[in-house]
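Each of the two complexes below includes subunit A, the first together with subunit B, the second together with subunit C.
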Partner chain A sequence: MEISNLPISPSLRSKLLAKGYTNLSSLSPLSPSILAQELSIQCEEAIEILRAIPHATTSKNAYTPHGIIPGAVTAWDMLSEEQMQRHISTGCNDLDTILGGGIHCKEVTEVGGVPGIGKTQLGIQLAVNVQIPVEYGGLGGKAVYIVDTEGSFMAERAYQIAEGCISDILDIFPSNSREFLSCKERLRANNFLDGIFYFRICSYTEQIAVINYLENFLTQNKDVKLVIIDSVTFHFRQDFDDLAQRTRVLGGLSLRLMKLSKTFNLAVVLLNQVTTKFTDGSFQLTLALGDSWSHSCTNRIILHWNGNERCAYIEKSPSLPSASAPYLVTGKGIRGINSNFKRARTMPS
Partner chain B sequence: MAAKAPLEEEDTKPQTLLLTGILSNTYRACINTAAPSTAQNPHVTEDFRLPWLTGMELLSDTNQNKHFLPTGLQGIDALLGGGLREGQMTEIVGPSSSGKTQVCLSSATYVVDKKFGAVLYLDTSNSFSPNRISRFVNQTHPSLPKEEKERRLQMIMSNIYCQSVFDIFSLLDLLHHVESTLKHTVKLGGSKLCLLIIDSVSSLIAPIIGGKNSQGWCMMASVGVLLKKIAYEHNISVLVTNHMVGGENGTLKPALGESWKCIPHVRLLLSCCIGANHSTATVLKHTLLASGRTANFVIHN
Partner chain C sequence: MLFTAASSASIRDPDSIPQSSRDSFAKPQHPLPIPIPLQLLLPHPKLSLGCPILSRLLAGGLPVGTITEISGESASGKSQLCLQLILSSLLPPYLGGLGASSLLILPSLLPSSSLLRRLSLLPSPLHISPLDHIFVASAQSPEHLMMLLYQADRLFEKSPGKMPVRLVVVDSIAAIFRSEFENNLGDLKSRTGMFFRVAAKLKDQARKFGAVVVVTNQVVDVMGPEVAGDGGNNHHIGPVLWSSGRMVAPAMGLSWANCINTRIFLSRSDEVAAMGVNGGEAIVRTKRTMEVVFAPHVPRSSCEFVIRKDGVFGLELER
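After this line comes the complex of A and B, so read on.
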């Protein structure tokens, strides 16, 4: 059930849509005063909107889940919603293909690998790619980039990657087309950097505080579509004595990130380091933070060397089969092996 | 095993059980308000006590109402004597990416497909994938005409309800809500709720237990009791997943410790061997059957 079918005045409807309310389930938990504040309308008007909801749902759809839990959605509704979703391209076609289109919104994706494999490069690439305007097949969102003490986020590098991304877009879309003229202004590397909100954290307390604060921040900045934490591990590997407590804190942290990604319809990407683990008589590389942490993300991607080639491997995903894809780290950012100079991006329909 | 006609379920439900539900409430209210006076008036407790059930009555209740819901994964169904039992709580444990969520999604699909009733899926790690379910549905009858396929898909997917839960308090809220709605209206969008899945229950509980606070253990126990109560009183099968943590000398053991261990009726361990295209399930605990048996099963892409 969409907002567009709701029996309310067109002006209210457009206000709702402008604030990012697209389906009814996002409205139903709100109280009139919050909704009024949100849309800067009168309280009476907000009440009018909320009154319209149950009426519309009971008459249109016989399967409404009212009865059992308010707010529960059927898989059928979720499927059609999911098919409308756009994904954040990684820049590498093969990787996008095995990921089912790119990094998904509403999911927490963990990316791990040995130092120098390109985790931060992928992070910056995603922060740039999430801002590709909708006209060019992107999400037109913004990114939050949370960096630990190591401070691996390099503004110059982000600028390079943004320029690379823009030049690739211009290669694919002819520069005289109507779409191009309409958002020529937005295709500047400066604007791409403006769309990255950067937080630097220097201890795990700050890390927890930032994640707690994110909810407020995201309420004010609804166009943020990606949160990257680079890396989630660093402080938790240094400063903790009590491992049981660390597990608890991390568990709480991951639940909060899950909640953010679901409520604000954004992708969360966690970059993680590797550690060695002793199993079956040999040392093997695994991602840091232990076995309990490995359950706390929706998807897990491992970046590794395959000979001289960089490879990304889907280790865990509820919907995708395990698969592996090679990628390159080039001057322009992350690119596929085959399309080494020109990215053949296909427009999502 | 009794064959099941799930949609008529409500009508054939024995009166005693309905009474049990009503009486137990009155009984509780009575305990709360009139507890001090029971000493003077022993009849109060006498009148409102729960009716006794004899072993034979219990057995016929079990045969009539507590069916096995097949998961659709042959290895697991054989291992569990038919599948997930109604009235019981089944727990799946296993390391990361061992197939716990896949078993949940697959059983949800199969149970609805075989018209046992509706499924409620509580998701804590954003891993409920409608896309995956649609693939499960389509691979069972690949030869159907397109329209038929679409109708079947919609029928199945409209009977799977999903709700995200991100903390223990909202879980308790939801379960209380489910319990009270089930008491009044048992039908969910036309069919009865028969399977409740929580994937994963451990990620909600793990952050609150341990350390110095004992409330965490308390809330864990409440969740367990509530789930088993819903399962028993409304003949619903409850399926939860639990993760593994590193125990002594590097071996993995199920999380949440000893006090959670006694809550689920059935505990099933999943493990997936690297390189092999099947997963292995081991029974760690079962109310009827011997534990320690293993079976292989395959989840198709």
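After this line comes the complex of A and C, so read on.
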């Protein structure tokens, strides 16, 4: 929306333009008094200008007659935008299928499972896969990886997974194709490592501080498309005696993360531990941090053992049916059972 | 013993927590967090297991800065492997060691003398007398263990010996925890809390001082799913582990498993290697297996090993 379309008197408009205001977004954060000072006009006039803005913003959607509330979009717009979105592949086709293409941007996804099931592996895999260049069907974004005391993140493993990812890309796209030549430079494991912003935290105070700081960080690094918190749980499980307090702090945390995911159009993935819960006379596995926390994520995926097979199960999702898919953790990272099966078996340990 | 009160007060004081969390939501007190370039973290330093085959199973050894659990039934070779790690840590880094002394924490000092005697019998690398480079302490209770760990901070910062302390071995952690707690809900909860505190402290030290933490653990028998029906929740936790023909799982359950990075499982089973000649006794061979149940850097894998007088060695099987 341009200033020139603003329904205000032409003299005010020319004053605005003279001062370099061409865009509505540059106007909206201003207060009337500052604007008045800036343009050397009456305060009332400044108020008049600012009042005109939200009205104008709605008429931005002039082609859709539903823009009644400022900032509102129609479900149709949302749907078409969602269909335009690319998703972050997990590396396992079956899992991508039940997730509707992969991990979605603008959503908070929680992944939980028993120790050793591959939560961190999935996290690293996503941090690598989000960087697959657009030409190869990826997002070409970057990742923020926040590791707490518990997290088993290892740079060495990230390097291996990046190499595995690159070699798979090269299998699918033969090396002599034109696309390959254009982004040959980017397909190096070291570049993938550089695309992961790795934060380490040692207490939940630091955890909150980093998440508060993220907004700043993401404003400066707009290409970040994925934020992973490797275990939201550890510090919250050990440091809190007052559960009501913990619920409030966690509530604030999840609101912030939701807001970040929407504002910056990125995916947030939280890794969580599982714990046992006593229901109906038997102990069941459930994600840690309690019931109120379970409402704070858009999607929940539980990783579990099914005999000797690893399985991912969608426990909660607003748009997807509950389903489960088997997956493998191989030397190259997360892979499907069927694809690359032979290669997965022969990976050196 | 002097600073027990102060240190335990600082970790326990619940009043300090809500205040600080409220503050941090308003404005971060810390300097701005800076992402760490991952390439600086390559390659990850590791402590060799003292045998090339076993080390290869772990892609070089136990990663520095993490907690490794070695679990197995009695006489499966846990202590033996720990001793070998202690020896290996004395080696300089280019030989797979840490160039460091170690801290050994035992449930009680009595059996340690036999452990240490065994150590003195092992061939020592570089003509260093290993016993000069081990600090031994005993922990009778989880609180005591916690206190020892706080005291160990000073040991890490300034070792009294020639070499810094970079390896912590906590022998049979379950024995330290088992005696203290009743099997009721309140005690189980405080036990879990204690797990997290001990693990957090260990990990903090591992990371801050670039140390390797090794914890040995016992195993408990598992009722199979066919016995316990759907209620047997242990089979969710992972594929079953077998030792001596029994289905087992490392002790202390799920909450402890959340605290460790790497789990190594040692199993043994007696098998008949050869039938006895003309009715004599069959020759029974103990087949020992080391399995990496989970690790941050290697897939699940396993390998057979033998315990000889001069140490623990992996066997390369031709397939």
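Keep in mind that, in the parts below, the second predicted complex is superposed on the first by the 271 of 349 C-alpha atoms of A that agree within 3 Å, B and C clash if a C-alpha of one lies under 4 Å from a C-alpha of the other, contacts with A are read in each partner's own complex, and residues count from 1 in each chain.
Just so it is clear, contacts are C-beta pairs under 8 Å (C-beta built on N, C-alpha and C of every residue); 3 or more make two chains touch, one makes a residue touch a chain.
No experiment lies behind these values; they were computed from the predicted model shown.
Asks: Clash or fit: how do subunit B and subunit C relate after the overlay on subunit A?
Replies: fit
Asks: Touching A:Gly251, do we find subunit B (first), subunit C (second), both, or neither?
Replies: The first partner, subunit B, only.
Asks: So, A:Pro321: does it touch subunit B (first), subunit C (second), both, or neither?
Replies: Only subunit B; A:Pro321 stays clear of subunit C.
Asks: Between subunit B and subunit C, point out the one touching more subunit A residues.
Replies: C
Asks: Have a look at where A:Glu163 lands relative to subunit B and subunit C in the superposition and call it first, second, both or neither.
Replies: neither
Asks: Using the touch definition from the top, say if A:Glu135 reaches subunit B (first), subunit C (second), both or neither.
Replies: Touch status of A:Glu135: no partner.
Asks: Scan A:Val108 for contacts with subunit B and subunit C and give back first, second, both or neither.
Replies: So A:Val108 only meets subunit B here.
Asks: With the two structures laid over each other on chain A, which partner does A:Val329 touch: subunit B (first), subunit C (second), both, or neither?
Replies: Touch partner of A:Val329: subunit C, not subunit B.
Asks: Tell me the contact category for A:Ala72 with respect to subunit B and subunit C: first, second, both or neither.
Replies: first
Asks: Minimum C-alpha distance between subunit B and subunit C after superposition, to be given in whole Å.
Replies: Subunit B and subunit C, overlaid via chain A, are at closest 10 Å apart by C-alpha.
Asks: Could you list which residues of subunit A make contact with subunit B in one structure and with subunit C in the other?
Replies: Subunit A residues touching both partners: 245, 249, 252.
Asks: Inside the complex, what are the residues of subunit B that reach subunit A?
Replies: 95-97, 101-102, 105, 120-121, 124-134, 153-154, 156-164, 166-167, 174, 177-178, 181-182, 185, 187-190, 193, 200, 202-204, 206-211, 243-246, 250, 252, 255, 301
Asks: Provide the residue numbers of subunit C that touch subunit A in the complex, in ascending order.
Replies: 14, 17-18, 20-21, 24-25, 28-30, 32-33, 35-39, 41-44, 56-57, 59, 63, 66, 192-193, 196-197, 199-200, 203-204, 207, 230-231, 233, 235-239, 254-255, 257-261, 263, 293-294, 296-301
Asks: Using the touch definition from the top, list the residues of subunit A that touch subunit C in their complex.
Replies: The contact residues of subunit A facing subunit C are 114-117, 120, 144, 149-150, 152-160, 190, 193-194, 196-202, 204-206, 208-210, 212-213, 233-235, 237-242, 245, 249, 252, 273-276, 281-285, 304-305, 307-308, 329-331, 347, 349.
Asks: Quick check: in the complex, which residue numbers of subunit A touch subunit B?
Replies: Residues of subunit A touching subunit B: 62-65, 67-76, 78-79, 82, 100, 106-108, 244-245, 247-249, 251-252, 254-256, 258-259, 261-262, 278-279, 290-292, 294-298, 300, 315-316, 318-319, 321.
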